[in-house]
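Each of the two complexes below includes chain A, the first together with chain B, the second together with chain C.
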Partner chain A sequence: MLHGYSSSLLDGAWLTLQVAVLSLVLALVLGLAGASAKLSRSRVLRAPAVLYTTVVRGIPDLVMMLLVFYGGQIGINQITDRLGWDYVDINPFAAGVATLGFIFGAYFTETFRGAFLAVPAGQLEAGYAYGMSRWQVFRRILFPQMLRHALPGLGNNWQVMQKSTALVSIIGLSDLTWLADQAGRSTHQPFLFYAVVCAFYLAMTAASGVLFRSLERRYSVGVRRAAA
Partner chain B sequence: MKRSLLLAALVLVSHSVVAKDWDKIRFATEGAYPPFNSTAPDGSVQGFDVDIGNALCAEMKAECTWVKQEWDGMIPALMSRKFDAISASMSITAERKKKVDFTDKYYATPLALVAKKGSPLRPELASLKGKRIGVQRGTVADNFAGHFWADHGVDLVRYAKQEEVYLDLGAGRIDATWVDALEADGGFLTKPAGAEYDFAGSQVFGRNAEEKAVIGEGVGIAIRKRDADLRDKLNTALKAIRANGTYDEIRKKYFPHDIYGE
Partner chain C sequence: MIEWAVITENLPEYAAGLWLTLQLTVLSLVAGLLLAVPLAVLRTAGPLVVSRMVWAYSYFFRGTPMLVQLLLVYYGLGQFEWVQARWAEGNGFWLIFREPYGCALVTFALNTCAYTTEIIAGALRATPHGEIEAAQACGMSRLTVIRRILVPGALRRAIPAYSNEAIFMLHGTAIASTITLVDLTGAARNAYSQHFAPFEAFIFAGLIYMCVTFALVGLFRLAERRWLGHLQPRKAGSVKA
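Right, the complex of A and B next:
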């Protein structure tokens, strides 16, 4: 089956999974930082966060990928040439993860910002009244309640993000989509390999659907659905 | 804060020393254009472009490595020094010459129109008016059709990959494809999917000076403009493998007829 290409496709699937998960981690960190900056009282923190979400969400992912990888490399080359250094290579894996994480961090910023705002201020004030520190209020009161509001949006962004990993092929990473495309064209059976790709992505998104539903249940304890 | 994180991620880089005497050369190909270059089940690249590249390296006594690169990023990646040379059936055109340098040609193929068997279509403007003609974007066939046909009533449909053009031809969404004749022969007409199809009209090498200028000088290996020394070495090696029979041996593996042209 698959004309001997199955092991190479498995490698591609593993790479796709790695890119997706690592970008998710980076995007979550950037999203939390971005949302905190956007909600902060300091203009110095707010301004770059607003610039970040406006610019990044406004540029197509593909263009961003090309800019960072090729534009960044040409920029670095000019600097190293001027300094007389050796050629310094941007690692495509790091660039792919960084770019995807950077792009989706902007979407996550907005998701988190909305979720932070959805937690009633009285809850936080009650926390302070009990003598909790800012960190304690964040960890015990704000974060768990915020996450309940954020999870549906995060799940949605995560699904989009998994499929966006196919973009990393443009910068030379052998992800599943590109390997399947090459195998399909080399054997002249494109649809067979496209079907494999579809099955993989569907399995990945379905599995994360299950995970997100259980997370949502966990963070919704203490809130009861209205009876229909 | 976010910017410094991005920079930190980009600093995860690896160093590599560029040998100025070219005893190590990094070649790139697409790995999806059989029989010129394709990907083997183990992930390695194979095909005419690859064999020629390896023969040149053997002649130059250089150590060569192969990188697979998506077609759309091919020239940007060469310019940003991800590799040193492109051997991927890239035609030498005036437009590409603005950005990169080429060796002498290592083969030249005509363009041809492919349609249903017995189709009355011919690769001439009068015959193609009002028809939907598919081409692979960014190829010589695309340039040719864009230059001579698109503004004169031919409905040009551009695709990212030639394989997609064949799929749409099979689905009846286009009337014909205008394509490299060797590509069509090896990649479609001799396969089950292409059984109902054939060349329509004669193959075109350039019927006048204007057409010849667009079709170009054939297919060469692309290198950065600043690496003129590498270009000269490759050209010398190319002459040598043409003269000592290595070239013909490789060609016979893939094609029954000569593909070097005049």
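Right, the complex of A and C next:
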């Protein structure tokens, strides 16, 4: 099937999935850190977080990725030169995951910030009044309720993010899109192979849609929907 | 430390690239919006079969990466002998798909149209029922209600979500540089490959993109003030006065 390219395409699909999941993890961590910094009382923490979200959301992801990939290479060269080490090639996988995580971390920062603000302050005060520590209030009251408010936004960002993984093919990572491009060129059937890529992404986004709907149901147990 | 020559020597190319980026963004947004309004009406108020077809179209374009869509159109269509035959006979419509500019414009317009259709359809569904009842009580026909009540109200409500889509589109056009077009990103890639100075080449392009982004945000803020003025939060001063 697919002129003998099916196993190579499967490898590419697996790589695409890895890029998507790893950059999601990185983006979630950066998002939580960014939101905490943006909500903190210290200006030293707030200013870089504001700069981060403003700059990242103003620049196309492709430009950012090219900057990290080519710029990162030069930065690494300078470091290795200075330390007298051997030449180190920047890994397109690491560059891709780092860039996607960094970009979507900014979007997650905004999502988490809004979600943290949506938890009523009185509940946190009630927690402190019971003698809970800051960490206990965070883990028992703030975080679970924040997640409920954040889930719709997270789901949207994740859908955008999955599709952005196709950009890593431009910096030479042999992901699904890149392999399909190669297969299309050698068999002279590019339409067929790009259609397969489309089918894969459709399956992935549809599956995440189902997953997020069930997560949202799970986290809004006990919330009454306003009757339409 | 900064090699200004990378920027100054390539300034004309950056300017031409910016012009192409703006063209692609504005033309695809306008075409997408014009097409999205009727599609959104069909999606919400059309016959079930038509509504399903619009949903399938927008689901496909929203569920796959725009890069893959662009490659599918630009490299993929040439695979078919039927299309090659149309090119050979000089068919004006199909010749659009032989040029990277036409391919990019059509793909971007269809892509943004898919998202915009969903945004407007959502706004249409949010129409207060009383408005429709009032219109019917005035004796308006179904078409008149759509034209006078549903669409104008929905377009207003869609502005905040649509401003995000416009910015995504501006940033999305960067992938035009993968099919040989020299847009702003393409100009930066050329500047990089001439001088091997990635920071200067890409940061300069990034700054221009940021300026255009802020300009777009400003324009949409003006549009919201003009068409959504009644929903603006009241200013602290206006309460006292």
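Side notes on the structure shown:
Rule of thumb we're sticking to: the second predicted complex is superposed on the first by the 220 of 228 C-alpha atoms of A that agree within 3 Å, B and C clash if a C-alpha of one lies under 4 Å from a C-alpha of the other, contacts with A are read in each partner's own complex, and residues count from 1 in each chain.
Basically, a contact is a pair of C-beta atoms (placed from the backbone, for glycine too) under 8 Å apart; a residue touches a chain by one contact, two chains touch by 3 or more.
The shown structure was predicted, so the numbers you read here are calculated from the model rather than taken from an experiment.
Placing chain B and chain C on a common chain A by superposition gives a clash between them.
In the superposition on chain A, contact of A:Tyr194 is made with chain C only, not with chain B.
Looking at the shared chain after the overlay, A:Ala47 reaches neither chain B nor chain C.
Looking at the shared chain after the overlay, A:Met64 reaches chain C, while chain B stays out of its contact range. Contacts of A:Ala166 after superposition: chain C is touched, whereas chain B is not reached.
In the superposed model, A:Thr177 makes contact with chain C only, not with chain B. By the touch criterion defined above, A:Gly105 reaches chain B but does not reach chain C.
Of the two partner chains placed around the shared chain by superposition, chain B is the only one that A:Leu30 touches, whereas chain C remains out of contact. Looking at the shared chain after the overlay, A:Val88 reaches chain B, while chain C stays out of its contact range. Within the superposed three-chain arrangement, the count of touched residues of chain A is higher for B, of the candidates chain B and chain C. In the superposed model, A:Ala206 makes contact with chain C only, not with chain B. The superposed model built on chain A shows that, among 7-15, 169-177 or 223-231, the segment of chain B colliding with chain C is 169-177. Comparing which residues of chain A touch chain B with which touch chain C, the overlap comprises 66, 70, 73-74, 169-170, 181, 184, 188, 190. Taken in their complex, chain A has these residues touching chain B: 3-5, 7-8, 11, 26, 29-30, 33-34, 37, 48-49, 52, 66, 68-70, 72-74, 77, 86-91, 94-95, 97-98, 101-102, 105, 169-172, 174, 178-179, 181-186, 188, 190. Looking at the complex, you find that chain A touches chain C at residues 55, 57-64, 66-67, 70-71, 73-74, 159, 163-167, 169-170, 177, 181, 184, 188-192, 194-195, 197-198, 201-202, 205-206.
Within the complex formed with chain A, the chain B residues making contact are 1-3, 5-6, 9-10, 12-18, 31-34, 38-43, 67-70, 72-73, 76-77, 79-82, 161, 163, 167, 187, 191, 193.
By the touch rule above, chain C contacts chain A in their complex via residues 59-60, 62-69, 71-72, 75-80, 167, 170-175, 177-178, 185, 188-189, 192, 196, 198-199, 202-203, 205-206, 209-210, 213-214.
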